[in-house]
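The following pair of complexes shares a single chain, chain A, combined with chain B in the former and chain C in the latter.
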Partner chain A sequence: MKIFKVALGILAAIGGFVDIGDLVFNVAAGATFGYQLLWVVVIGVIGIIVYSEMCGRVAAVSGKAVFDAVRERVGFKAGLVALVSAQVVNLLTLTAEIGGVAICLQLLSGLPYRWLIVIAGLALTIVVWVVAFEWIERFFGYGGLCMLVFAVAAVKLHPSWGAVGQGFVPHMDTESPVLYAYFAVGLLGAAMTPYEVYFYSSGGVEERWGPKDLGLNRLNSMIGYGLGGLLSFALMIVGGALFLGEGIEPEFLGTIALGAEVPLGQIGLLLGLVGILFAVSGAAIDTLFSGAYNLAQFLGWEWGRYRHPRGAPRFTVTWFVLLVLALGVVMSGVDPVRLTEYAVIFSAVALPLTYIPIFLVANDRTYMREHTNGPIANALGIVYLVVITLIALSAVPLMILTNVGQN
Partner chain B sequence: VRGGDSTQVFSRKPVATIALGLLLLSLAGCNGGTVDRHALKRDAENVASLATEGELLATDVSKGRSTKYFVRVHAKDLSRAASNLEDALAERPTSPGITSGVRKLSKLAGKVSGELQQLHLHPTDRGVAASLKQPLSDDADAADKLAK
Partner chain C sequence: LTETIDVGLNLLDHQLLDSEGRRCGKVDDIALEGAPGEGLEVVAILCGPGVWRRRAGLIGRVAAWLGGGGRVRIPWDDVDEVGSHVKLRKRAQELGLGRGDDRLRPYIEKIPGSEH
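On to the complex of A and B.
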């Protein structure tokens, strides 16, 4: 029974791995550089495994989620900077995800886009209000498994497997090194996006993880995120095998779905669209909760989806306000795909503000007792702190130099 | 548990100012100013991309491998993007020596937009889709030539 529960959790993690940032950047990277940037996805997946395991462990041992730790460990002023940057990035991401939900619904139903934004907002509110926490994650995670159709599409497109293999070895065969760097930063930002660890650690506290759950935490983060990374590979391979050869620059979510339709026909298209719908809907809920978790944890409010809304009223009001704000921005007509690129780049800027406190707390015996980082977690943690600092410093200059990836 | 003494490390005022400046510069970069050779190349590649994607979509429709709503919506998105390029290229000032190329590309973008509009209006008509494949392919080739 326990193995079954673990398997369900892992399946949900795989299905829930991809969000609109992964979709946009992986396919665009494939369409621009073929398979050359697959190695960056590997780096990003290992990074999110290292830090999600760390913050899950912190949650299980100390009962503290990320922004509890931020507030306590780095002080109010620095914590406030981290909070503001996290909330801005969360809101951008939430807006992009909700726009993505509406676009998917439109591609499936043909109904007017603005009506679908309203329907998406209402549906998300009902799901968040009514459905139990563990089932929200599983429902969208299992639905997101339809995205595996892109793995089948990648195989059916008959890529050059030798070139795919070479893609896992860092190399740069291009006349546009700055654009290459921009996509590398975007891919890392998308794979290690901060809301994932906010949600993961808060979820651990919500589900009352304790030290006995450390094994489950390790399995979930390693296998779930690891296998979820396969979806990113598949998306980049589809981009490289189909769009690069044809000279297509994917600017729409529909173009990504076309990547499943061309090799697999109608069934591929429908599975692709349903998979994207579940993936971006799940990510919308994750970012919505993350925003409310962050604020409530930082200000010391009662928080948690397991509580009755009246038991954590400020938490409930926060996620509702965030949802209304995001819906308002989407209704203004902003392009969700374009917004995604900004959200991913600015989330890359915010990475150190999220990951440094986690690293500090995971090494603090006051919180962690005998469960502080071991030598491997520390070595990887430090390497990734260097990597994300470089990413944070270079993200905005690269965005400007490449005109947001337009070269 | 240690607290506030590490705030200096995270002092962000200068960083925030620089970031805001860079963002404004970035937004200023997204302008509709003079079309130079580089911009012409970029826009021609864009038109070629839209035409090629339209051709892929038309091919799938002609084989009954797509769905009505997907074709209707996606063809409309592609058509609108091509139409936006047509308008921008028709109005924007150009660098000396490339005016005729820019206006030619504008007309081509308009043609691509019209063909994609046909796909949008007849999302299940295999005959219409089949008849659009070659023109869209030719348009993509013409745009590629202008990009060189």
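On to the complex of A and C.
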């Protein structure tokens, strides 16, 4: 029975891996550079595995979620800077996800976009308020599995498998290396989005993980995120096979769903859209809670999604306020896909502020006892600290140089 | 509690839990006492936005102003245990902690479905 439960959890993790950032950057990277950037996705997926495993282990052994650890380890002042930047990035991401939900609903229903923003906001509030949390996670996770239609589409489009294989070998064959670098940074930022680890570690604390759950933690992060990464490959392959050289920029979420329609027809389109709807809605809920987790953990408030709202009033009010703010921004008419690019690039900038304290705590014997990082976690951890520092420093200059990926 | 601890690493900024296990703030600062030449002794935990001013310069002052500037002093005698979290001997209400949550609770309770 336990294996069954673990398998269900992993299925939900696969369906929940892809969010609007992964969708936009993977398909756009495919449309612009074909399969050349597949190797970057591999690096991003290993990165999120390494750091989610670390965060989960810290949660299981010390009972501390990310922003507990950040504040204890770097102090109030630096912690406050980390908190403010995390919250700004998180709100941007939340806004982009909600915009994505409204676009999917519009493509499925044909109703006016602004009504659908309101409907999306109401629906998210009611779901979060009424439905027990374990069901929310499964519901959106399993629904997100509809996106596996993109894996089928990737095969049906008969890409040149030799070229796909070459994509996993780091190389650069382009006249615009700056744009290539911009996409590389975006793909890494999208795969390693920090809200994933805020949410994951807080969930571990809420589910009262202990040292006995370390195996489950390793399995969840390796298989859940690892297989979720396969979906990213599929999206990039679809983008490359269908849009490369056609002059089509997947600037609309509908264009992405087209990637499933061309090889598979109406049913492909429908599954693609439904999958995107579930994945992006699930990500909206994850980011919504992440914002409330971070603030509550930094200030020591009562928090938790398994607690009923009356058990954690300030936490409840925080997520509600964040939702209203995000809805307001989406209503103002900003383009969610454009917003997604900003959200991903700024989350790349904020990555070190989250991952450096986690790395320090995971090596601290007073917290972790005998469960500190082993040699592999430390070697990979350090390599990724260098990688995220480089992308944090280069993200904004690249965004400006490429005019947010436009040229 | 008379043992020696590294207050910077093991006390400051840690989570406070009241006698019922409720999360009720962080160790925002500590009050130390000791004559010259003797060891320093922790006499109280300080908690609340009013304390942030001292800890983070300008952004600390902004945060303190946003938070309303309140502060609570918890005598060291009310500290039960310093481990992964800092456990207190009394309930949050008795110590004046977690008031923000207590003030909001009546409004949240009026919304149907807040119980589950």
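Everything that follows uses one rule, which is that the second predicted complex is superposed on the first by the 406 of 407 C-alpha atoms of A that agree within 3 Å, B and C clash if a C-alpha of one lies under 4 Å from a C-alpha of the other, contacts with A are read in each partner's own complex, and residues count from 1 in each chain.
Everything below uses one rule, namely that contacts are C-beta pairs under 8 Å (C-beta built on N, C-alpha and C of every residue); 3 or more make two chains touch, one makes a residue touch a chain.
Quantities reported herein were computed from a predicted structural model and do not represent experimental measurements.
Asks: Once the shared chain is lined up, is A:212 touching chain B (first), chain C (second), both, or neither of them?
Replies: In the superposition, A:212 touches no partner, neither chain B nor chain C.
Asks: State whether chain B or chain C is in contact with more residues of chain A in the superposed arrangement.
Replies: B
Asks: Which of the two partners, first being chain B and second being chain C, lies in contact with A:62: first, second, both, or neither?
Replies: second
Asks: Now for A:308: first (chain B), second (chain C), both, or neither, which partner does it touch?
Replies: second
Asks: Between chain B (first) and chain C (second), which, if any, makes contact with A:365: first, second, both or neither?
Replies: A:365 sits against neither chain B nor chain C.
Asks: Per the contact definition in the header, classify A:110: touching chain B only (first), chain C only (second), both, or neither.
Replies: first
Asks: If you stack the two complexes on chain A, which partner ends up touching A:158: first (chain B), second (chain C), both, or neither?
Replies: The answer is neither, since A:158 touches no partner chain.
Asks: Touch test for A:396: chain B only (first), chain C only (second), both, or neither?
Replies: In the superposition, A:396 contacts chain B only.
Asks: Based on the superposed arrangement, let me know which partner A:270 touches: chain B (first), chain C (second), both, or neither?
Replies: First partner only.
Asks: Which chain A residues contact chain B in one complex and chain C in the other?
Replies: Correct list for chain A: 72, 75-77, 81, 366-367.
Asks: What residues of chain A sit close enough to touch chain B in their complex?
Replies: So the residues of chain A touching chain B come out as 72-78, 81-82, 106-110, 246-249, 251-252, 254-255, 257-258, 261-262, 265-266, 269-270, 273, 349, 353, 364, 366-367, 396-397, 399-400, 403-404, 406-407.
Asks: Using the touch definition from the top, list the residues of chain C that touch chain A in their complex.
Replies: Touch list, chain C to chain A: 9-10, 12-16, 22-26, 28, 52, 55-57, 59-60, 63, 84-85, 98, 100-101, 104-105, 107-109, 111, 113-116.
Asks: Hey, which residues of chain A end up touching chain C in the complex?
Replies: 62-64, 68, 71-72, 75-77, 79-81, 84, 129-130, 132, 296, 298-303, 308-310, 312-314, 316-317, 366-367
Asks: Looking at the complex, which residues from chain B come into contact with chain A?
Replies: Those residues of chain B that touch chain A are 1-7, 9-10, 12, 19, 22-23, 25-26, 29-30, 42, 45-46, 48-49, 52-53, 56-57, 60, 63-70, 72-74, 77-78, 81, 140, 144.
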